[in-house]
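One chain, chain A, links the two complexes that follow: it is found with chain B in the first and with chain C in the second.
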Partner chain A sequence: MVTKSRNAILVSALRVSALCIVLAGFALAQGGGELRFCLHSEPKTFDPLKVEDDASVSIRYLTGGVLLRINRQTQALEPELAQSWKVSKDAKQITFKLRSGISFSDGTPFSAEDVVYTVRQLMDPALHSPTGDSFRSGPGIVETRIISPTDISITFPAPVAGLDRQFDQVAILSAHSPKKEMAVLGPFMVADYKPGATVLLVRNPNYWKTDAQGKKLPYLDSIRLDIQPNRDVEMLRFKRGEVDLINSLDSEYFDKLWQIAPQVVHDAGPSLDSEQMWFNQVEKSPLPAYKKTWFRSASFRRAISEAINRDDLSRVVFRGHAQPAVGPISPANKFWFNAKLSAAAAYSRDAALKALQGEGFQLQNGTLKDKDGNEVVFSIITNSGNKYRERMATMIQEDLGKIGIKVNVVTLDFPSLIERMTQTFEYEAVLLGLTNTGLDPNEQMNVWLSSSENHQWNPSEKTPETAWEAEIDKLMREQASSADARARKKAFDRVQEIVVDEVPFIYLVNRNALSAVAADVQGASPVILSPQTFWNADRLEVKGERLALK
Partner chain B sequence: MRLFRNNAWRTLACAVLLVVVVVSLAANWLAPAGYAKQYREATDAAPSGQHWLGTDEIGRDRFARVLYGTRISLLLAPAAALLSTLMAALIGGLAGYLGGTWTRAAMAVTDLFLSLPWLFLLITVRAVMPLNVTPLASVVVTFLLLGLLGWTSAARVLCATAGSLRDSDFVRQARALGVRPLRLFWLHVLPNLKPVLYAQFWISIPVFILTEANLGILGLGVAEPMPSWGSLLRELEGLVSLGEEPWKFVPLVLLAVVVTSFQFVLSEQQEAAA
Partner chain C sequence: MPRHRQFASSALLQKIARHSLALVATVLLGGFLAAVLVRLAPGFEVDERQLDPRLNSESVHALVQARAAPHNIFSFYVRSLERAIHGDLGTSISLGQPVSSLLRERAPLTLRLVALGLILSWTSAMALGLSAAWLRTTAYDALTTVLSGTFLCIPAAVLALLSVLWNLPGALAIALIVFPQVHRYARNLLAKAYNLPHIITARAKGLSESRILFWHVVPVVAPQLLAVAGVSVNIAIGAAIPVEALCGLAGVGQLAWQAALARDLPLLMNVTILVTLVTLLANSSADVIGHVLRSQQA
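== the complex of A and B ==
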């Protein structure tokens, strides 16, 4: 009897202790809950300077502290670890005034030495930092100078276009922490990593930001990132309430989710991404001479552009979740978009045919022929497995068929397609998309410079083959070496005008930025810039019960 | 009684195949608007009086596409099967009949072909083909490739059968009477290979239909706007329940029915071969 009562007391004591531990846990946690979403690939590194893949970029965004941050909503540059900054007129030097009293996640104090250490690491050629590449504008050494404990200047050997905005990507490392890159200044830190399964991020206890009420940020206790490459499974798990966010949603899935729970899906409008088509203009390509003449003619390209019904592409292929593309820059890029180019090329079959007839083409028995009697037939290649591109190509096939042009749609596996585009040049037209992650035109230098390998319609030109390409080269170099935002904008506006006029790319649509956010996530306001749904992760909260969608 | 039941199933299978073939051949009359016309104001529509099986994502009449796709798959798969069976008879049958080094050499080539990853081979061949081919030519080339690459399994069976015939009494007697080897092969061996050839032919048809469907799902094979069962089955991507849009499952049901019908017809041929 005595033994029984002792056991009962022991069990009660254990229960009370367990309850105390749980309550203590709750007290320590801020109660923001755990956010869950999927990474579509394994993160290749946790070192923020070596980041290249999307998964690692997401982790860097959530864990890294930066001097300046592009506000994903306003697209304006805002101070973070730096209170203020100044770029020299020659765009070679930037001076930062740093915040004081900030510590890394392991308690190591943040100082100007950390910035110096980070910049040296970033520019170390032995590290091959992809982030550092965007700062390498010319040969020479980058000089860093600590002016005072909170003031630092960095001088580059040549002008760096958009210098201050580039620091959005530079997560500051600790020069002294034994934890190396795992000591962070961002809102979260990596707590656990199970390869192939999950990355667990927990709140950084030393994060420096507070909200308007003085409450420490971030609100969330943790973020669980499940590694899930399959988008169908991601969608299914979202429906079951197992994940809270989907960053880039397919338009078909968007509509399906909208039918069952319209409050969880968000269409933020046109994104920076574009779908485009271009003709092979490579002189040494093995195409017949008469086809090269067509493809190198701006009038021919303009007529093709006019004969494509972009409204239908947006409405049918993307179910209305896309906008007809105006030019090389999406209207979503608020600063750099040339507002004079306000409308996409109008669809007009008659105008297209008239323009072609003006160039000597003739419509005979429903078939368009050039002045030498060659039937106008060409193939459009696109990557197999991308149903949206296949549908666009099939619709373009029908549109061009209406003016007597025969189009053969060919889907190829991606490596074969790239080989044809970049090595053998055995293709006539390509339909592909361009994913833009950055806003600055400098990030498109590799597309616009005629000497570049990614100058897709005619790569690696020794000297510009046309006057308009020479002008684009000049303008792109001008804007890249200037610190004057207005001068840069003027130069890049002109580039956009040339591209719209000469049509090296036939821009088709800008897909909308679609995302899904579960109802239990509070504070989310999806935007077009990446990361669309968790750009304000430090202010998100997960509250309430996770419910499956029915 | 069991025999009757089997015969009834075979008769039914033959009738089903006949109906499917006849209806697909009548596509021009049953669906005069054609498989390529895009009704862009009625995309992804449910079945209606105008579109009996609704429309696909870019507004093409699904009924027309099913009919034309069936016609393409059902006409070209037997053609590819015929080609592969003839190649198998020539390579496997002749090598088995000649014996010795010929058999070993032919089987080495067959093993090499069998060890090749088919799908990747087809993708590679498609990638190096000229781009400017009409959709019709792409269909023919796809099935031609299937036929040219699909003879290996049948060749092994035929090689073994021809090898056993080579040592049979009637062949020895013919040889002793002075019949020339090729004449002997043509008049005495080949007719005895017929049941195996029939069986291999019927086996190959559903295999080629399914292979083309697989290629179609990968976005390879038959070019747009021409339909095939493979391209029609791609519509099922992303569908999570049968009840969602059941009319989209018609090509899948048709494929299952046709392949099953072939299996019933095939079982008769296998019994005959045995």
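== the complex of A and C ==
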């Protein structure tokens, strides 16, 4: 977070220098034009190590220089500021060979000292950032060693799974620049920030990359990021030709745009994100004992899963722009998805009812009752204002009504929902989504470990309460301490199988990665990974007149 | 100084003192009530970031601790006031920036929106009210009344959405929200004033309309219109919240909306105090000026 004094100085300094930078930018203009799109919230920080919100992540992606970058199209790891790298067999140490002759945006030379400085800042225990926490696999100190001005090794106290891929999120800071985090190595740099309104990025004149013809990148002269929380306004502005890109496009808007200008919309297929539902299995929750018994029964959960028609959810709620979900990993995650898992739980009302009857449930006059005669009634809570979740909940209500289960749908604002999920446990079932930003299953570690706060169906278990949770704990720890990709894959494949079998989460759909790119933007190739439309921002150009769509 | 003037100025001073006292008490109470309501709102002690699966237990605990800070809301409020006296309004929980700088950055836009909205609404309301009083045509009067009634029936959020849809300035949405309220009172007051015997006589004697308006009508209706002016400021400020939130305008209204959604106690408390202060100042000023005008007329 930007501190009080630093923030004031930062904003003033940005404003004072904005004109100079913009004028300098004009002098150095490549003729690639200005790209415009919306951030959906205020960026909370420009410090790349403290980034946690989406707006700041976008700015970090556009301005930060990283040692290694995951190619958003091929999902392969590619060298950036490091020209080569090597991970030790025990997954504790990584050695980089850095490129030479590179400078930060303010002209400060880039060296191994900057990497050391960045890693030390990142691993400060007081930082509490998601990026830093991803590297923290065990207690102890991280050691950095400069072997030569261009060679450096970093040793972690415990094995870090997917160590090299995690450097995709680490933007290198300058150890010596007086501009601190505002001196960057990425294709763009922050030139102006009007709180609540816009962030202006201009091309970094010292960016090190060139294209195949030797022309300096980026092509674009600037990027204007309008802070616009309202997605409807964003859509209107896109239609008016005022913004060029929309990420995570709404499926309704996708269809509307497709009708008037099919060339501007892109459906890249299933994304990494999933929509899921789960039951409250917390022993200390204030639910009646008989309900806890239902929710803690894998057979009950499996039957509910079987009674939900995922094809209808995809077709009706998402207008076909979603795929029935198979398990915790989307098929879009090419390496980690367990291809042995059969298609999504087949919808079968009869099979679901039969399974429930096998557990002692009885259908009497259209109402399902358990063996003690309790009517099967529960409520699903979801966040208000999310029309897709509200519609999904209504369709689930209809599906379960067909087997005699009465479902009440309750929408709550997000803070109230989180309070019930994490503190009071006053809920029966939740319908929410999981946004996966990374490909590696280690990013979900805190969801699967039974001791974790984010083990949502039953958080912070002192010891695993079931055998299958104990097995997941063991497998997740095993894969996290191994550098062998095949062994890790084998362990996580098994985790996926257990999850599909025990159904702690009822995975519903994987939404498609929908986006819109204006016709005047050249070089765009939207992908499923974030940031969908501007992953290759240094090679985008805006040419021609901005036209309104009619 | 003549005795009646001495009496008038002392009454005025008493009125100003009463208003100042009420203003301070209301602002303090308003701020406290806002703080209590936010503190008691469900979800106050949680942070959306807790759900980030990349955060480890220590980081989640740090987030929980940061949110759980003010257990005693009264002592929190007193401490906040003490800090506010020294110019420190605290730090926004959701935006991570000093509240004072957030308000400083956003207030000019809201003030501009509200001022423009008020000018537009008052100009149109007075123009329609005066023309109806001058023309005295039933059809025209009905037309203007229907027009203002229509805007009165449309919710503020719908007007804001229409302004987004048709790419109209946010100030116009505020003007359309305030207009029917002002028009109703202005029309009635003006119609009543133009029916006063001395004004009918003046018109019969052929006095110019501008002379009748400024010499005979304005002095009669000014004190009541001033009271409406105070209320219209309240309406305009209230309208700024949905208009800014829906139109994506970065003013204090949008900030208040975001603060409410994020249970941002320091921000919401200060925004409430600021809004209460501005609305009470507007109402009190209108009342005091009205009092002066009435005294002069007497």
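Rule of thumb we're sticking to: the second predicted complex is superposed on the first by the 516 of 550 C-alpha atoms of A that agree within 3 Å, B and C clash if a C-alpha of one lies under 4 Å from a C-alpha of the other, contacts with A are read in each partner's own complex, and residues count from 1 in each chain.
Here is the rule we go by: a contact is a pair of C-beta atoms (placed from the backbone, for glycine too) under 8 Å apart; a residue touches a chain by one contact, two chains touch by 3 or more.
Quick caveat, the model's predicted, so the values are computed rather than measured.
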Does chain B (first) or chain C (second) touch A:443, or do both, or does neither? second
Contacts of A:413 with chain B and chain C, given as first, second, both or neither: both
Counting only touches as set out at the top, which of chain B and chain C does A:89 meet: first, second, both, neither? neither
Touching A:454, do we find chain B (first), chain C (second), both, or neither? second
Once the structures are superposed on A, label A:236 by its partner contacts, choosing first (chain B), second (chain C), both or neither. both
Per the contact definition in the header, classify A:317: touching chain B only (first), chain C only (second), both, or neither. first
Comparing chain C with chain B, which touches more residues belonging to chain A? C
A:354 in the overlay: touching chain B, chain C, both, or neither? Say first, second, both or neither. neither
Just checking: does A:402 make contact with chain B only, chain C only, both, or neither of them? Give me first, second, both or neither. neither
Shared chain A surface residues [contacts with chain B and with chain C]: 232, 236, 412-413, 416
Touch list for chain A against partner chain C, complex: 1-2, 4, 7-8, 11, 42, 44-45, 52, 125, 128-131, 133-134, 136, 194-197, 227-230, 232-233, 236, 240, 412-419, 422-423, 434, 437, 443-447, 451-454
Sort out for me which residues of chain A touch chain B in the complex. 232, 236, 252-253, 256, 312, 315-317, 377-379, 381, 384-387, 390-391, 393-395, 397-398, 408-413, 416, 426-428
Enumerate the contact residues on chain B facing chain A in the complex. 36, 38, 40, 43, 57-59, 123, 126-128, 131-135, 138, 218-220, 223-225, 234, 237-238, 240
Can you tell me which positions in chain C touch chain A when the two form their complex? 41-60, 62-63, 91, 95-98, 101-102, 105-106, 164-165, 167, 245-248, 250-251, 254-255, 258, 261-263
